[in-house]
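Chain nomenclature is as follows: A, B, C, D, E and F, assigned in order of appearance, with residue numbering initiated at 1 for each chain independently.
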Amino acid sequence: MSNRLLLEPLVRATLLEDLGRAGDLTTDAIVPLDQQATAEIRARVDGIVAGIDAAQLAFLLLDPQSIITVTHHDGSRVCAGDTIMRIQCKARALLSAERTALNFMGRLCGIATLTAEYVREVAHTKTAIVCTRKTTPCMRFLEKEAVRLGGGKNHRFGLDDAVLIKDNHLVAAGGITTAVERVRAYVGHLVKIELEVDTYKQLEEALAIGVDIILLDNMSLDEMQSAVALTADRALLEASGSMQLSRVRSVAEVGVDLISVGSLTHSVRNLDIGLDFL
Amino acid sequence: MSNRLLLEPLVRATLLEDLGRAGDLTTDAIVPLDQQATAEIRARVDGIVAGIDAAQLAFLLLDPQSIITVTHHDGSRVCAGDTIMRIQCKARALLSAERTALNFMGRLCGIATLTAEYVREVAHTKTAIVCTRKTTPCMRFLEKEAVRLGGGKNHRFGLDDAVLIKDNHLVAAGGITTAVERVRAYVGHLVKIELEVDTYKQLEEALAIGVDIILLDNMSLDEMQSAVALTADRALLEASGSMQLSRVRSVAEVGVDLISVGSLTHSVRNLDIGLDFL
Amino acid sequence: MSNRLLLEPLVRATLLEDLGRAGDLTTDAIVPLDQQATAEIRARVDGIVAGIDAAQLAFLLLDPQSIITVTHHDGSRVCAGDTIMRIQCKARALLSAERTALNFMGRLCGIATLTAEYVREVAHTKTAIVCTRKTTPCMRFLEKEAVRLGGGKNHRFGLDDAVLIKDNHLVAAGGITTAVERVRAYVGHLVKIELEVDTYKQLEEALAIGVDIILLDNMSLDEMQSAVALTADRALLEASGSMQLSRVRSVAEVGVDLISVGSLTHSVRNLDIGLDFL
Amino acid sequence: MSNRLLLEPLVRATLLEDLGRAGDLTTDAIVPLDQQATAEIRARVDGIVAGIDAAQLAFLLLDPQSIITVTHHDGSRVCAGDTIMRIQCKARALLSAERTALNFMGRLCGIATLTAEYVREVAHTKTAIVCTRKTTPCMRFLEKEAVRLGGGKNHRFGLDDAVLIKDNHLVAAGGITTAVERVRAYVGHLVKIELEVDTYKQLEEALAIGVDIILLDNMSLDEMQSAVALTADRALLEASGSMQLSRVRSVAEVGVDLISVGSLTHSVRNLDIGLDFL
Amino acid sequence: MSNRLLLEPLVRATLLEDLGRAGDLTTDAIVPLDQQATAEIRARVDGIVAGIDAAQLAFLLLDPQSIITVTHHDGSRVCAGDTIMRIQCKARALLSAERTALNFMGRLCGIATLTAEYVREVAHTKTAIVCTRKTTPCMRFLEKEAVRLGGGKNHRFGLDDAVLIKDNHLVAAGGITTAVERVRAYVGHLVKIELEVDTYKQLEEALAIGVDIILLDNMSLDEMQSAVALTADRALLEASGSMQLSRVRSVAEVGVDLISVGSLTHSVRNLDIGLDFL
Amino acid sequence: MSNRLLLEPLVRATLLEDLGRAGDLTTDAIVPLDQQATAEIRARVDGIVAGIDAAQLAFLLLDPQSIITVTHHDGSRVCAGDTIMRIQCKARALLSAERTALNFMGRLCGIATLTAEYVREVAHTKTAIVCTRKTTPCMRFLEKEAVRLGGGKNHRFGLDDAVLIKDNHLVAAGGITTAVERVRAYVGHLVKIELEVDTYKQLEEALAIGVDIILLDNMSLDEMQSAVALTADRALLEASGSMQLSRVRSVAEVGVDLISVGSLTHSVRNLDIGLDFL
């Protein structure tokens, strides 16, 4: 599907980053051109699967005849030792694409797995865990997908698919009302508007002018409690700032609609995934 | 310098990833075209600086007249609150490039800072901390530089600048001697050869045929001790596998030349860096 | 601003399309390398200006020292004979970039001018004129901007910044309710949902499940009248299908919020713009 | 054939322009990954077919297993209701590529159809209808092909495949003779030379020095008549400037060899083409 | 001028080919970032200068503040020891771009110099020396320019700027007349037609149908003599096949208009050019 | 294998360089779309085969159904008249890709053949013939491979896969010892270090500090003899400068390990290779 059109330039660039000018010296020197091999990608620890399309494409770009059988699809929960997919292809392709495939999967499984931990903390509430734009250069669409696979929801994908008015925009505009009016005059009817507020007074002004979502920046639990009461469902409320895993349960129980967590994508531990030759 | 030639495609692509088709809706709607602004990038926690060139370029690509003053250069140690650089440019450029600049710097400072922690653990020995190819897609040259800025050394940059013969290559070749001979027949005189060994017997064969570096894969401290003794400086020794921060001191004291640490680049926590408008 | 980052690849590609392998044979053969020249871009007929950034960039890419003075900015109304901008640069750059600059401006001014005609027809109502995705390959962001300059509003920029559920999506889902539920489970909180309806019954179901915008496809004035009454501001209403200039006034007076017009971008007459050497 | 090599970058870029960062949200949310579908592209009005390769490629790039049956090939005359081609592929590919395919075909069929109308006006003469360089950015080769499919002939494709000396070149050179001599010294033996003249005197000088084609710029019927007589087949004559459909018959009857018409490519109405699911 | 737009992608790609992932290790390790240096590019042997723009751009891309003074421009004749240009820039830029600059200039000066030798052989005749499409991948426009700088003329730049009907085309068409008719129906009025003939009979048929140029393939001097006589200026005649330097004088004296020489671009000895630090 | 990933961008760009905007006018006008043809690529003179992958890819990119049978693989010795490969594909693809395929093969076979001549001269010694960075822009990896196919060995592929300290680096550093120390502090353990020396005194300093390879620049046979004696296998010795075919035997017999020859890649005569239709 469209997937491949979006993915291929990135996977191709990553393979070329590794192959450099001269290709895989070790493999090309040692392994006969037509030797076939089979290997499995396996989880070494428990987690959530993500990044299968990117990993597959790495092998397919080096050997279009690769036969790949997926046993745990994106979004599946795997335990240590589980096989995620089996690859049969030229031995050279397996060896040359291995690191690229694992670099993609390790990071994306890591994001999905961490997201799932956050989601579990708030599963008894109506609150959704959402990601931010604090993503890795050029990897945003994949990292956003990994968040979804872990049970989270996506915040905007970039600067052009939704409006988020922050403090410095308010300074430039001279106030919330002017800022929102300028935005409404500029964007189309299909663009949602979110506004960041730091104080109760700003929240009141935001509710008066009317926006789709209000971001509560670095508020205490008490402040968020008051914000939820004041808002009374007139806008979605997003809590943001220092949302550690240990804290999201209590924030969710305050009744906000969304908790955004930058570390889902910017400070993630790769899931330990390995490739074993059979 | 050549720096910019290598950096620009990546920073440009990352800005475009964020700007999308329509650009920064919020900023373009609210902030006048010619409004100027000044901001500082500051560390929120202690760490080592890296990624300044990428961050600068993000602003310069959106406003070539940007004036940027760096107060803590790459490789500097900063404390929480320290200013790293000051940017004067169009307010629109500041707002639209902010996230891209911080995404680069946060990750690269994180790598430099983590590397420095590893390096401190082994500073009393001759052992170097080195990175691996477990890097983020398309970011390898920047991540390798961040490792150097943190005091580490670089392993190979890709599959084509050095040879690393692993277990699956040995299977394909049928043995260490054949594998090394095939490599010597293929590569030029400026390419070093490293060989991964799992056993004492393999180590002996490697020393007999003669290679530049020997990678000791997942060995215990005792096994490494014996390897150091057997090798007697006939090759460099690199220890690899499960090299947590808590363990590298004892490994270094065994006397290996290099310890390679994948998590320096694949599981790093972004350094908390922020941009404040003045 | 970010403008240039988005524009430059397109203008560069268009210049190269014209220059081919060997460049401007006529000009390079005849005009001395360092000869300077001055010219003005002038409207030959009345209209609305658009595309100035693209035209400027065409000259600047061939002569970075070009001095360009804009006398009628994007969005201005010009009369036949008015000067839009003056360019001083190398004579070779003027001659080689002339056609590229005019091809951009002619089309974009044409779109802005046509949009303004539609907007004037509905100016006494609350209805907005909006564009569609029926744009020229690779020109979408410029054509959408030209619509704004003519007083129109933008529909979505692509398949990924908003949801528009059409008849064939409904067939695949088996009904409106299932379709909307699948979308809500997939997209983030910043994505608006529009639904196309052909019948009164579908409209009722759409209002029951709740969507942001409802597209009334090819309805008669009477049908639209009923739709407006039934909806009662519970969603925005967009009228679509055969919206000729002669018809939009009566449609707007029915009380729909938006009228989308494909021909604003797919069947536009270039505004007659010329470049005169001084 | 070579066709695909030239076409693919443009069609790929156009699909990516529509898919953006996140792909087709609506379709990916609603339509199952492996659902198949069949649809037909049909003319809604009479016209000439063009752009089939581009449309096909749009579907093939999203689903390489697409089966496409063309019933009216490029250059065919179709009537309202006629099927042009049938596509069987994944439902997701059909829905996501539909707009891109139709945007290409609508414009290109529009050009072919308009060209055919001009050609019919002059069919009883020896005069050919030719296009200009007033084309859409990045679409030139496709638009030139559409002109051929409509029965027209192509003017030069760019600045480097033929010489066209215009008034401003003459100013720079100081006269026709110098200009032509400079060109002859510069270009190879396979490059034709065309010269634009505004006056009878210029025409005489052009005939004296000898060029392949002479462009008669904005001349009256009488002036053209004299030019034809004076030239007496010593060069091809091209009439240019304000060549509306209503006027070309009389111009052709004067006896010029070529009439160039900018609006064939710069002010064309898309042919109404639709895609219907079966 | 437009030059740079055409040149920059090629020079940039060539620098990146040399810099690889990590840049110039030697220079970056040894030479301080801001050290300045001056150097001269000098001819080590006699020859004709070409490639100055490409060489300049190599330095400018690594140091945009480079000051470059050209003392022998493209097309000049230099003697061993002559300085061609002086470069003042960062020492790192000089060292890192040196090889790229010299690789371009060495080859292009070599082509210009060899062309001049051929041209001198035929200078007393009306015959022009022309190049072919036997050029180095991606270097065609530069190599064609070098031929002009050496006093030669250009054959077509590619498959699309002129027609050359060869023997295999004639087989496909079934004869000269059909082939020429198909071409005339397809191409525009600005495209010249050349036809390759092997025999006297083919020449007669070519003259009868009328083409712009006739290529005499691998004919003896006697055969060419007859061809010249038969043609009697009804078409240009191009001699081709085994046109060694020692033979072109006698071929030219037969009276052909053009002699095409593949080895001008495919088997050229680099001119010995060096860069000396001052 | 990885081959194709590296090759495809270059072959694609080269085909597009030839096809231009409009494709192969001659072939498209004359040859029916579906006509099939068969041809053979044959050597016209004796030599060593190289470049088969590039030639194959040229045909495959224009007709993915091409059936290609290779009878003399890369590295084979062929005699005049030998068939290298047979291609069955669409006649249009054969005609349009012919020149591109031959341009690649002619040059690469030329390099392999010339290298083999050098290698034969030194075959009775331990000396290897190595190439340099004096390669054709964008062709380096292919030209380096052709050197290997001719029996030579590769020097570094670029500025980043090995260190080569030259005279100007020494000037910047102030001496050999400082230069080597700076390099060791900068590069990783897998990077070899080569140093260029002009004098006996420099050689002594180089041996004292210890480097992997020492380049003897433009030394006489006597000087090289002394260098070999002094070095006594403490480093590899590379002879460089004016290494004509007639001279390498005597240089090799002095006992150096490597002789580097720039003209292998910068001044090569294309091997005469032709394509014959069957």
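The definition used in the following text is that a residue touches a chain if its C-beta (ideal position, glycine included) is under 8 Å from a C-beta of that chain, and two chains touch if they have at least 3 such contacts.
Predicted, not measured: the structure shown is a model, and the values here were computed from it.
K.L.:
Listed by label, which chains are in contact with subunit A and with subunit D?
P.N.:
In this structure, the chains that contact subunit D and also subunit A are B, C, E, F.
K.L.:
Which of the two pairs, C-F or A-B, is linked by more C-beta contacts?
P.N.:
Top pair by contacting C-beta pairs is A-B.
K.L.:
At the place where copies subunit B and subunit E touch, is the share of residue numbers found on both sides over half (same) or under half (different)?
P.N.:
different
K.L.:
Taking each chain's centre as the mean of its Cα atoms, which chain lies farthest from subunit B?
P.N.:
D
K.L.:
Using C-alpha centres only, name the chain that sits farthest from subunit C.
P.N.:
When every chain centre is compared against subunit C, the largest gap points to F.
K.L.:
With centres defined as the mean C-alpha position, give me the subunit A-subunit C separation in Å.
P.N.:
Those two chain centres are 32 Å apart.
K.L.:
What whole-number Å value describes the gap between the mean CA coordinates of subunit A and subunit F?
P.N.:
44
K.L.:
Quick check on subunit C: which residues sit in contact with 2+ other chains?
P.N.:
Touching at least two other chains: 17, 19-24, 28, 96, 140, 157-158, 160-162, 186-187, 191.
K.L.:
Specify the contact topology among the chains shown, as one of line, ring, star, complete or other.
P.N.:
Complete.
K.L.:
Which bits of subunit D are touching subunit A when the two form their complex?
P.N.:
Per the stated touch rule, the residues are 12, 15-16, 19-24, 28, 33, 61-63, 90, 92-93, 96.
K.L.:
Any idea which subunit E residues touch subunit A in the complex?
P.N.:
17, 20-21
K.L.:
Under the stated contact criterion, what part of subunit E meets subunit C in this complex?
P.N.:
1-3, 5-6, 140-141, 144, 157-158, 161
K.L.:
Within the complex, which stretch of subunit F touches subunit B?
P.N.:
Touch residues, subunit F against subunit B: 128, 130, 148, 153-157, 160-162, 186-192, 194, 212-213, 236, 238, 257-258.
K.L.:
Which part of subunit F faces subunit E closely enough to touch in the complex?
P.N.:
Against subunit E, subunit F makes touches at 10-11, 13-14, 17-32, 35, 37, 91, 94-96, 99-100, 102-104, 106-107, 110, 133-140, 157-166, 168-169, 171-173, 179, 182-183, 185-187, 191, 263, 266-270, 277.
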